[in-house]
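Following are the structures in question.
You will see subunit A twice below: alongside subunit B first, and alongside subunit C after that.
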Partner chain A sequence: MSERLDQSIPDLVTRFPEWVRLDERAGYAGFVVAADHLITVAWALRDEFGYDYLSSITAVDYLPEDCLEVVYHLYRSIGGGALVLKVRTGRAQSRVPSLVHLYPGAELQEREVWDLLGVHFSGHPDLRRILTWEGFAGHPLRKDWREPFFEEEVKPYKSRWPEGQPRRIEDQNPYQNNLAYPAGFDAESWTPDGDEALYSTLTRGTGQNGLRTDQMIVNLGPQHPSTHGVFRIVALLDGETVVDLKPVMGYLHRNHEKIGERNTFLQNMPFTDRLDYINSMSNNFGYALTVERLLGIRPTERAEYLRVIMAELTRVLNHLFAVGFLLNDLGAFFTPMIYVIEERELILDIFEAVSGSRMMCNYFRFGGVSRDLPAGIEQKIRDLVFDRLPRKIEELDAYLTGNEIVRARCEGVGVLTAAQAVALSTSGPVLRASGIPYDIRRADPYSIYDRFDFDVCVRYHGDIYDRYLIRLEEARQSLRILAQALKDLPEGPILAGKPQHTVRVPAGEAYGRVEGPKGELGYYVVSNGKANPWRYHVRAPSFINLTALAEMSRGGKIADVVTILGSIDIVLGEIDR
Partner chain B sequence: MKIHGFGIVRGLWVTFKHFVTTYIEDVRRGPRFYKTPAGIEQRRRADATGIFTVQYPEEKLPVPEEFRYLPFLVYDENPDGSRAVRCTACGICSKVCPPQCIAIVRSSDPATGKSVAAPAEFYIDVDICMNCGFCAEFCPFDAIRMDHDYEVASVDRLAHHIFDLNRLLKSAAYYARIRPTNAAREDEARAAKAAAKKPTPETAA
Partner chain C sequence: MTQSDPSSPRYDIPPELQGQVAVTTLDRIYNWSRSNSIWPMMFGLACCAIEMIATAASRYDFSRFGMEVMRASPRQADVMIVSGTVTKKMVPQIVRLYNQMSEPKYVLAMGACASGGGPFKEGYTVVPGVDRFLPVDVYIPGCPPTPQALLHGLITLQRKMQQESLKTSPWYREKTSTPIPVPILGPDLIDPRQYDLIRRQNELAAQAEAEAAAAAAAAEAAGGMPAEEESHE
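Our next item is the complex of A and B:
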């Protein structure tokens, strides 16, 4: 953790001497809070010390010490570093007070921690499983939980080398031999629960204009073209008006984090590509940054510039793509989309020439990047940045911004106020469109972003139209950063030290976050000094931004829910992980 | 908001320009705009206008040198025509592989039973391979490299999707053809290493 950050941290130990102590383990930082007093401490942090933004909640299973540790990362929405809170609880009887009433943004994250690690949050209004299904046995991120095709605790597996067995995993461990049923379970007589538990969590309204109206539940998805993937929205409707709404996810869940804990540190890099598969370069960025923090190394100068160039190109393509999809959701079927895909293809051509793959770039390494720019590519990037992309962004602006249908459908729809946006832990363009000028590149700078001249875009209506305008404006700002980075791009090595496939990471924890195109992308990695991470958590921006979906949709029409979802800009690979 | 429709008309004008440009470009570029490498190259330049798409499979985009698809094993051709497989079965590719799709059996000398630095069998489960390129990146013998051939569809997953040594081996000449600058750089580095190892006549004397 940086020095700048330490200065601004309040002295919680003096304030709450009996409940709070410093986390003094080597490589760790933050405060350990007694579980019973967490709410009081969090209350003071929010209302006295200004930590109004609860960015990330996760937990770690310290199996050898027989305890679970819930980890909170809090920030001030005016900028600055993290304040880390930790709460320890037993593995058998885990109980931690829920922070949902203080920080509504905790809702989905606490459900995730309950689902994957089995920490019970008392006081949570809707503590159901979220990523796995209701009938799932166990909590998969606990260290003693094993997946059906379990082979070994960590990679590399001995069966591949030196034993050299080319057998498929399903032959080694065929279906029906890889299942474990709970004691006393009879598959013949079992009928799965319906969706009653889910439906009962919807808040019924009182009817409109004093009329006693009948309210009905409509399921949108999981197979629906406008949900951008396998995503389901359960909406309670009064006529066409949305009374309440719940997002239901997990249909694409593959337990990315468990895979990450089986992998070695480097092996995780290509897996991060598959989180938000539109923006693999930014995903690499966040992970590389986090592990470099643990390793205590810095990338070389040229690598820093190459990273920024790739990350900003990613932002341009993501924002163009998001605008195209938003227009799809508005019913302008695929014409705007195809226009922006042209630009995306040209950017992907660059990624392909540099990294070898259009979408699954796997370009970043600890201490640098994997390859230098091949001959002629720098000129291609210049052609795009200085000529084509500015022209095309202005064309898109002329094409869509003044369109009366776009304005009628977007202005004043799906409004999120500034207070709600912060409380619900939204990030990225959603947060900035609601009037909070919070951009991690400025608020808590990483890499070399402090060297560039660019504006943090902010708009104040918090509606779909502002989220659309923010994306266009951010694409323009990215081009400004790109122009400066291309001008200053130094010569030199692209990797600090030799290429290494097995890095020895000192024991400790690190939380690294980048301003991804969709919002704050954070990685929480715990190392115990071995070749594999003990804990690997991803704070996925589109997952947490969905906490605000119900707030934006209530009182609106069902047809607008599709557009509101489009304006959040989600990717299911990242939500479900 | 009053709807005058000027914004819609302005947007339609953009669409109309796109529509007309495709025909203007077709007429201007002539028939050589399609199905020629120069035409395909023109359509993906930063100043490209008009038709942007490529009619696969009649037209194929050229892949850049760094493009990676599936891994293959490189062998050098001996003067007598036999194959010298570069792989020494050291297992680094197998260990660094994120989805663990590479399985290697080491060779042993039939007379002595001692292990030999060559693979007896080498398998890659291409269903699991995630095309990350780590195996090629960390191979110390330039023996495993990423291929450009992306048309590998087959009708039977169980029969064809675990590639064996026979399927994986490709010549160094093929490698030099798909990745000329990489191959030249690596050959040079290997030659320099060999020269450093071999005692020169002066030092031997």
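Our next item is the complex of A and C:
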């Protein structure tokens, strides 16, 4: 499959011989583009070669070579493998042209790269910090930037057990806390940045029907019952109508990537659980696939099936949860939630039995899974898949789909057209509800999804109602996959080779992506041949789907913003990482 | 009822009221009613919040213990369940919310992150434990704690409340309590209570730098002198 796709990658070197060259480092792929000509190349890729979907932007700090490398992953929305572009820039004076005007979906991702790695994107309309705050000192993902609780470059830390005596890192910091200030910092006269810079980026409208109206700024969150966590929305309102809107995030920025680059490869597995904490199994899946790609190994046959079973159960769980939350946001407070949590508990029972934890499963290993199914669990899964869950999905469908309030509040609200959905790099149910039948399980198959018979759900209105219907339909399709996987589940070992705590990963890069319940979940991992990843980046679907929030909300009512947010189905652990 | 009955109030109760009247202390009845109607604040931070929702739902159902009324406004809440990782960007809001809660108020640190930073403790934007800012009443271990563990934590809080007395409770004193100063976001998180410490650290650092510079100059002078002498010769 991948060979055929590789042939379809356009020959950019012949097209732009002066600006583009192949990335010839061992273990790397893609094209290196001269920074000054990035826009021309991207323009040709989008309009001539059909690479209309800019999935992921990240950067790597190659400190020994004294350069930053921005990495772009582009796809065709009709399916196929990735085209990788790389742009190199100096560390001291980093300047790369922004792609926001070609691919609006780049907006939040470029801000993130600026914030964490300090790559300046010229031409970006709103290049402010996104995960940290204005005034934060330094760009934390640079390799020479050290956190206040710094111990060593990589784990395992020697300091933890010197001669059997654990040492607390707090005792080595003058504040007994993870704090560090620049030399000579005068804390008392410091005035923090207000939100003026943020508010000034809102585009003010011209008033309605020729009337001169007053526009006001309303903040929702970060503590607000409808924002699904610590998310903040700044909306500019004219009466009740949303004129412009900005998502503000970073209130749960837990430094997954910095910690991940200190960790060994396997130590990152439990951290992936805590990204999208509703779907730990599918997070494990993406990371395991990526590192396996670097290692060049395949999991055993039984492990492949177990992985698919767990990932699809997760998808059912997530979609039920998302529907429950959407109804919460619509005002049906907690009653639908109680229905869906009942089913979630039954699925979590299975996860607890196989992995030992309800939510943070840490179940996948490189080359397999950590434990086999305990006695009786297969029957439990069968009962759920063949009997209970189909009934319960139909029950939700019967109660909700025809409900007058649901239809009145959801139909035609928060519309995202197909062109917008692709341009804004949305993925998962949001993309498919806008009429793009793009599902990575089909478009760029991974694991053993090419063996199963299922439909890629697609709907065409792009409104909240379609996103809701897509989720129900996908849960049904997941049950179809589960039924086939349970039928074919072979006996055999669950792990290729011996269990290892430390794996030596060959130098190189890998980007692995799975169709997570919320959209394309990608991991970009760079190894320099040691026991720890040099770069560990997560392409979080709900983060990038939020780029479309403003587009969906403009012109609507403020009350609908809450529902639109519910229909995107965000989880903050993944947005802020 | 004999005199030796320990539950006897030692009063003469008319026969028609026997079995109808209970005599207890004001503290007991007050704490009994309070501890069985703890309203948590509807406020989730991270992964633990999902387990908190699960605790509110049908299988675990914390309304059995009088906690079903989750309030989105801090003014109406009795207990703040800090359910997840506290980051430096969020902690000013958390402190503000705590200050806005009316007394008596309690804080429950749910999970490893809220208790001590958890797996993200070394992170540059993570506060290693909410107890750096708020007085925590009950810590619940786990990552995330199971709903059973959260229930156990809430029941522990109830026990704690039942042992309180109106006479000694700080919130019935004449002096009103002072709010916790809200931290400020600078190059790193600034706790206004630590201004002195930051200044002292700056002085120490400047002093160390001056000493190092002086030592370097002395070393250079000592190392440079013989060379100069040699060149002169």
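A few notes on this one:
Methods note: the second predicted complex is superposed on the first by the 560 of 577 C-alpha atoms of A that agree within 3 Å, B and C clash if a C-alpha of one lies under 4 Å from a C-alpha of the other, contacts with A are read in each partner's own complex, and residues count from 1 in each chain.
The rule is short, and it goes like this: a residue touches a chain if its C-beta (ideal position, glycine included) is under 8 Å from a C-beta of that chain, and two chains touch if they have at least 3 such contacts.
Just so we're clear, the structure is a prediction, and the values are computed from it rather than from any experiment.
When the two structures are aligned on the shared chain, A:Ala26 is found in touch with neither subunit B nor subunit C. Residue contacts after overlaying the shared chain place A:Leu211 against neither subunit B nor subunit C. When the two complexes are overlaid on their common chain A, residue A:Tyr277 makes contact with subunit C while staying clear of subunit B. After overlaying the two complexes on the shared chain, residue contacts for A:Glu342 are found with subunit B and with subunit C alike.
Using the contact criterion defined above for the overlaid structures, shared-chain residue A:Ala92 touches neither subunit B nor subunit C, since it reaches no partner. In the superposition on chain A, contact is made by A:Met360 with both subunit B and subunit C.
Contacts of A:Pro499 after superposition: subunit B is touched, whereas subunit C is not reached. Residues common to the contacts of subunit A with subunit B and with subunit C across the two structures: 270-271, 342, 345, 360.
For subunit A in complex with subunit B, the touching residues are 155-157, 159-166, 168, 263-264, 266-271, 335, 339, 342, 345-346, 349, 352-357, 360, 362, 370-371, 374-375, 380, 383-384, 387-388, 395, 398-408, 411, 499, 501.
Residues of subunit A that touch subunit C in their complex: 131-133, 135-137, 140, 147-149, 151, 169-170, 174-175, 177-188, 190, 192, 222-225, 229-230, 250-255, 258-259, 262, 270-271, 274, 277-278, 334, 337-338, 341-342, 344-345, 358-360, 572-573. Across the interface of their complex, subunit A is touched by residues 42-47, 49-51, 53-54, 56-59, 72, 84-85, 87, 89-90, 93, 97, 119-128, 132, 143-144, 146, 184-190, 194-195, 197-199, 201-202, 204-206, 209 of subunit C.
Taken in their complex, subunit B has these residues touching subunit A: 1, 3-8, 10-11, 14-15, 18, 44-47, 52, 63-68, 91-92, 94-98, 100, 102-106, 121, 123, 125, 127, 130-134, 137-138, 146, 162, 164, 181.
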